[in-house]
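Look for chain A in each of the two complexes below; its partner is chain B in the first and chain C in the second.
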Partner chain A sequence: MSLLDVCDLSVTFGRRHRPALDGVCFSLDAGCRLGVIGESGSGKTVTALAVMGLLPEYARVSGKVELAGHQITHLSEAGLARLRGDVVTMVFQEPMTALDPTMRVGRQVAEVLRLHAGTESGPARAAVINMLGEVGLEDPERVADAYPHQLSGGQRQRVSLAMALINAPDLVICDEPTTALDVTVQATVLAKLNDVLDASGAACLFISHDLAVVSQVCDQVAVMLDGRIVETGSVAELFARPQHPYTQGLVATARLDQTIPGQRLPVVEDFYRPGVSR
Partner chain B sequence: MSEELFRAEKLTRRYHNAGREVVALSEVDLQLAPGARLGIVGESGSGKSTLVRLLAGLDRPTSGRVWFKGADITALPERRRGFLRSSVQMVFQDPRSSLNPRMRVGDIITEPLRSRLLRPQLVGVDHRTRLTEVLAAVDLDADAADRYPHEFSGGQRQRIAIARALAPKPEVLIADEPVSALDVSVRAQVLNLLTDLVAGQGLSLIVVSHDLLVVRHLCDELAVMRAGRIIESGPTDQVYLQPKTEYTAALLAAIPRIRTGPGETGDSR
Partner chain C sequence: MQLAGRILTRLGVFAISLVGASVLIFVITHALPGDVAQTLLGDQATPEAVAQLRAELGLDRPLVVQYLDWFGHVLTGDFGVSHLSGDAVVSLLLPRLAVTMWLVGFSMIGSLLLAIPAGMLAALKRRSWQGIVVSATAQLGMAIPVFWGGILAVMVFAVWLRWLPANGYVPLTQNPGSWAAHLVMPVVTLSVVQAAVLIRYVRAAFVEVLNEDYYRTARSVGWTPMRALLRHGLRNASISLVTVLGLQVSSVLVGAIVVESVFNLPGLGSLLLTAVSQRDLLVVQGTVMFLVLAVLVISAVVDFSYLLIDPRQRAAREAR
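Showing the complex of A and B:
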């Protein structure tokens, strides 16, 4: 049985709007890494929030989200709280807003551990410092005692990563985790993410609009367009031989390294014209 | 002297932050010929934005001097910088914060034309005509003028920002991370637009980016910055293919590339 099973998931906000998600189906096996690509508004983040049970109350949800045997859509807030941070964790795009600015980061990471594993604060600190070292932070003792604003963007994102991994979750959801970072910092964070996922064997749902980044982390990719998944496949297959015209366009535009400087870049519209439904 | 567009000598900018001194830019020399397309790359905090802000006259150096077309602009009072404002225009990273949400797009775009400082250069320019011209140049419908920024997507908003920059008929366009806030699919459109505009209108272009691929696409000259200094510069192809410093090589190596098969470079798994 798969770790995560999403079936015919539809989500609508408000009355007049078209659905944010429209019959989304996918599944993720334990230890596998699925990348979700698509442009802003295609439903990537809504999918992640649905899996976390973080959709706002006014969202109208239908379909099935089954995570490690739990029906996410039917769980109470208390039931969800037990899963979040333990079975499923999330790394957000902007670590400055994801971390509490008034709390030393060591305590923030320890909080997850104490809430779920009930670890006493002494042993928790040792575990936190160990985890901070594992995500590649030098001098983890000092980092643990720092406030988020005293750290750089890359350090903060690694703290989020440590927080997401300290309870050895089954699934880590990363929503554009490196979009706010510099290229060099992005490369180190991605390398660390790969290492810690390898070490922990956690599955990963990786959301990004950057195809290259997805190809570095994931084995499978799903392409989203207007709330639907239009194509899925292995990273190697889908990027080498995209089938759907929209995917062909995305892959072509992302290949900036293969175009001759100054020449016209291919755009998605060369391949795919949205229908009258838009 | 008239052969050069910008010249900077020993430009230094220090900021004071909570009693600590931060050297954002340290003795940077730079020369730029008319028609040049210069890319400035480096990590956050390397001084890229500080440098272009000094060139555009949006900030003043702590020491050092800047000339624009032979005129020393370093100590020029604001009221005499009108020629600089119309000749040098900027496009910023995030069009959500660089466009006034309470102004109609038409008013945003023609605002530079209404400035009292700019007027001598732009006397007799009909605002309506110019609005139509620049909207067409950035490929937006004429009816966009009556709408508000929030009604547009990120890529369209960046077009509006570019249209505003074009309105006073500048000679230099400075783009600070013009596509980093945009989706990959929209990025290509805006890059195409910039390429066309620079070629079609004979603009000089300065692009600041942390993305070497974007800069390589747009620019023929490249300056690599680190810790407030230009550590490497030259023709883009040369820097791109034969980086002289380890830092540039590291920047190049960090560019994520699409991995389509096992065992390809950049594959860290």
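Showing the complex of A and C:
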């Protein structure tokens, strides 16, 4: 049985007629990594929030989301809260605002540990410092005592990563975790993410608009467009034989090294125009 | 060094506000129709007798001279002597200050204890009937004048149910039980009215928190909505609430004046009302100066409390 099973998931917000998600199906086995790729508004984040059970209350959800044997759509708030941070965790896009500005980051990480494992504060601190070191932060003791505003974007995102990994979750959802970082920091954070995922054996749902980034972390990719998954496959397959015109566009833009010098760079619209091929 | 400069600036503002307020108070009290000599001598007094008394009290001197004389003494802690009773104004103020401090202090605490949970609930449940009920009740509460609420409370709890004394005051040192019983209704009345105003701000502050990324992070690591708000929202929301609270202090003081007169409490408010009606100008000026001082001190405290709440402000200040 897979760790995560999403079947015919549809989500509509408020009184809008057009669904944000329209019959999304995918599954993820324990320890595997699935990249979800698509442009903004294609439903990537909504999918992630649906798996977390964090959709706003005015969202209408139908279909099945089964995580580690739990039906997410049927769980109570308290039941969901027990899973979140323990079985499934999430790293968000904006490291600058994702942490509480008024609390030292070490405490914020320790809190996650104590909330689920009930660890005492002494051992919790040791575990936090250890975890902060593992996600590649130098001088973890000092970082633990810092407030978020005293850290750089890359450091904060590593702290978020530490928060997401400290309870050894079965599934880590990363929602564009490196988009807000500059390119050099992006590369080191991605490398570290790979390391810690390898070490912990956690599965990962990695959301991005950038195929090049996804290919560094994931083995499988699902391409989303207008609330649907239009194509799935292994990263290698997708690069070699993209089927959907939108995917072809994505692959071309991710392979800028293959463009002949002097020629115009490819854009997705060369391959796929919204409303034409549907 | 920077902190010292900061404190000096603050003290400068403090001094200017105080002088400005003293001029304003002096001008307004002297613009009041009627005068204390007339009150002292009664309606039957001859104009000559009134004029003679005015001269004795120094009321016939130019206003500027009277102001400088008064403010000079105020700076040395001498608020003058009541024309009517002959008591030093300070000796009238101090025992009454305690009553007003109990009333205002407990009412601020009471209004926060009411407004914070209610405002949080209104924010969390803003799309369901519970939130609408809280907001509507707060609106209704805001529409109720303090004195009307006080009189209603007296009718219900003192006259019909006979649970609490209708009015009056007993000092804490004399009988703590009776002191508490006399304070319950005034404090509750003022708390409820203030809470009705505060709930809107609390709700707005927490709605803002609900839209913050760190709230979503807190939810994603396993806090339930209420606990996420308490754990990560309260401190962040209090940054904006402290500002509102600082501004509310003056309106609580105004409310206290009304409540004191409804419940016949011997506080600063009732002293002020009596002094105004008797044109006992030095008492009026002294009391208002005292209230202004209280408001200024509290706003200074509010300004520095940001430093305790928000680590970013501490950093900004250290960097400056």
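Everything below uses one rule, namely that the second predicted complex is superposed on the first by the 270 of 278 C-alpha atoms of A that agree within 3 Å, B and C clash if a C-alpha of one lies under 4 Å from a C-alpha of the other, contacts with A are read in each partner's own complex, and residues count from 1 in each chain.
Please note the rule applied: a residue touches a chain if its C-beta (ideal position, glycine included) is under 8 Å from a C-beta of that chain, and two chains touch if they have at least 3 such contacts.
Computed from a predicted model, the values in this text were never measured in an experiment.
Asks: Scan A:171 for contacts with chain B and chain C and give back first, second, both or neither.
Replies: Neither partner.
Asks: Counting only touches as set out at the top, which of chain B and chain C does A:261 meet: first, second, both, neither?
Replies: So A:261 only meets chain B here.
Asks: Between chain B (first) and chain C (second), which, if any, makes contact with A:249: first, second, both or neither?
Replies: In the superposition, A:249 contacts chain B only.
Asks: With the two complexes superposed on chain A, say which partner A:90 touches: chain B (first), chain C (second), both, or neither.
Replies: In the superposed model, A:90 contacts chain C only, not chain B.
Asks: Can A:153 be said to touch chain B (first), chain C (second), both, or neither?
Replies: So A:153 only meets chain B here.
Asks: Have a look and say if chain B or chain C is in touch with more residues of chain A.
Replies: Counted on chain A, the partner with more touching residues turns out to be B.
Asks: A:52 contacts which: chain B (first), chain C (second), both, neither?
Replies: After superposition on chain A, A:52 lies in contact with chain C alone.
Asks: Using the touch definition from the top, say if A:77 reaches chain B (first), chain C (second), both or neither.
Replies: A:77: touches chain C, not chain B.
Asks: On chain A, what residues does chain B touch that chain C touches as well?
Replies: In chain A, no position sits in both the chain B and chain C interfaces.
Asks: Under the touch definition given earlier, write down the residues of chain A that touch chain C in their complex.
Replies: For this pair, the touching residues of chain A are 52, 54, 57-58, 77-78, 81-86, 89-90, 92, 94, 97-103, 111-112, 115-116, 147, 149-150, 160, 163.
Asks: Show me the residue ranges of chain A that touch chain B in the complex, using the header's touch definition.
Replies: 39-40, 153, 182-187, 190-191, 194, 198, 209-213, 215-216, 235-236, 239-240, 249-251, 253-257, 259, 261-262, 264-268
Asks: Give every residue of chain B touching chain A within the complex, in rising order.
Replies: Its residues touching chain A are 43-44, 153-154, 183-189, 191-192, 195, 210-214, 216-218, 220, 236-237, 250-251, 253-262, 266-269.
Asks: Any idea which chain C residues touch chain A in the complex?
Replies: Against chain A, chain C makes touches at 127, 212-214, 216-225, 231-232, 235-236, 239, 309-312, 315.
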